[in-house]
Amino acid sequence: MTDKLQEETRERRKATIFVISGDFEKLFAAFSIAIGAAASNMDVKMFFTFWGLRALKKNVRTGESLFARMLGILEGGDINKANPGKYGFFGLGRWMFKKMIKNKKVAGLAELRRLAIELGVEMYSCDTTMEVMEIPKEKLIDEVADTVGVGWLIEQAQQSDFTYSF
Amino acid sequence: MTDKLQEETRERRKATIFVISGDFEKLFAAFSIAIGAAASNMDVKMFFTFWGLRALKKNVRTGESLFARMLGILEGGDINKANPGKYGFFGLGRWMFKKMIKNKKVAGLAELRRLAIELGVEMYSCDTTMEVMEIPKEKLIDEVADTVGVGWLIEQAQQSDFTYSF
Amino acid sequence: MTDKLQEETRERRKATIFVISGDFEKLFAAFSIAIGAAASNMDVKMFFTFWGLRALKKNVRTGESLFARMLGILEGGDINKANPGKYGFFGLGRWMFKKMIKNKKVAGLAELRRLAIELGVEMYSCDTTMEVMEIPKEKLIDEVADTVGVGWLIEQAQQSDFTYSF
């Protein structure tokens, strides 16, 4: 068997990244680790739940019932609306960090997500969150691989070389 | 040897879930993962520390010294008092999420905890937190398996197929 | 081969601890786990990024550009300035927890960090955070082993028996 074939048949190492936070720095870390792992030829799967789900949302309104609509307004917008976990100050902290990152030519969140997808990182959305928050699949970006539940997550975590949660 | 015996003698896979947060969504995720793992026949242990400890507390007052009593009031109540990490608004966010979850017939935190215990998930409380916050064992729910320290946690983490921290 | 030699040649188990938060309780947990793991003869590496980086900072001003200087003031001071994630109240929560911990003769953060270093836990700082926040290496404590990026982190996580993120 040639080296190339051996390489292809050998099982790739796996990483699972669990994202429950929508904070700027947590998303930044989650995507950075995903990209780093994919770049070192790992099979990387990201699971987005609760506040993390906005990172997969299109820039559209969500929610049908009163509470879901209220939450849809509070958590409006897409990945570009992610505030840092401290010093939010009505969007001032977000604006500041975006400027600082741009000044240093570091990639922003939308760019990191795009890069992760290009490198083959698979994005999964949490079915319970989508149901409770009334965010249907068509309001998420088209690149989402599938909508899954906790059973899927356990299976991935068992097979993973490492898991990170943010 | 029969298949059944083989099944019984084979060692079960293990998961450790570390809970330092008392936020509604983090507890929801922690218990959901615990339940999912237990349902797939894993041996699951949950360790509660700091803000997470309220998830194991009875609905009683705690604290003897001034500061511990103040904290006992601020962190009063039991698992049902868990606020979401965002939009707390003096309990409004908690009330809203409870309604949304109930409307979708999704289980609440107290129900998830009960289900986890029924499935054999073991709950452990952090000794240092209990000492510093002055929360004695009798103020925790009777189902708590033991009060343990960091040495115990390291041992569990080493043996686990995966660990999650919330 | 003697027992001692066998001990020395056997590979030590590894743990990686990822610290993105600067919250008092998260740092307390991170250092406690690091110390516990090192005490049980594991090879422990801690990686500090974003808000976590202050835990490695000397008590000095940082930042050259306007935004970085502003952040340097907001996030001023060193590990002793870590606020709890709840009930910060302009430093009141921090003061309260320090008192409570001292009253119970539990070690504070600076003491935990010192103990971790003495036990051989290695501390690493995130290169991207340092660049964006304009915190040069000389503003970090001398015990920092190296400044590293995400590639390093992936490698460590792959080799680790367990990883924790705070």
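Per-chain numbering from 1; labels A, B and C assigned in written order.
Keep in mind that, in the parts below, a residue touches a chain if its C-beta (ideal position, glycine included) is under 8 Å from a C-beta of that chain, and two chains touch if they have at least 3 such contacts.
Keep in mind it's a predicted model, so treat the numbers as computed, not measured.
Asker: Same residues or different residues: which describes how subunit A and subunit B meet, taking over half shared numbers as same?
Answerer: different
Asker: Compute the rotation angle for the C-alpha superposition of subunit A onto subunit C, expressed as a multiple of 5 degrees.
Answerer: That rotation is 120 degrees, given to the nearest 5.
Asker: Would you mind pulling out the distance in Å between where the CA atoms of subunit A average out and where those of subunit B do?
Answerer: 25
Asker: Going by the touch rule set out above, which residues of subunit B reach two or more other chains?
Answerer: Within subunit B, the residues that touch at least two other chains are 163, 165.
Asker: If you look only at subunit A, which of its residues touch subunit B in the complex?
Answerer: Within the complex, subunit A touches subunit B at residues 18, 20-22, 49-51, 65, 67-68, 70-71, 74, 128, 131-133, 149-151, 153-155, 157-158, 160, 163, 165.
Asker: Using the touch rule from the top, collect the residues of subunit C that touch subunit B in their complex.
Answerer: Against subunit B, the touching part of subunit C is residues 13, 15, 25-26, 28-29, 32-33, 35-37, 39-40, 42, 85-87, 96-97, 99-101, 103-104, 106, 161-166.
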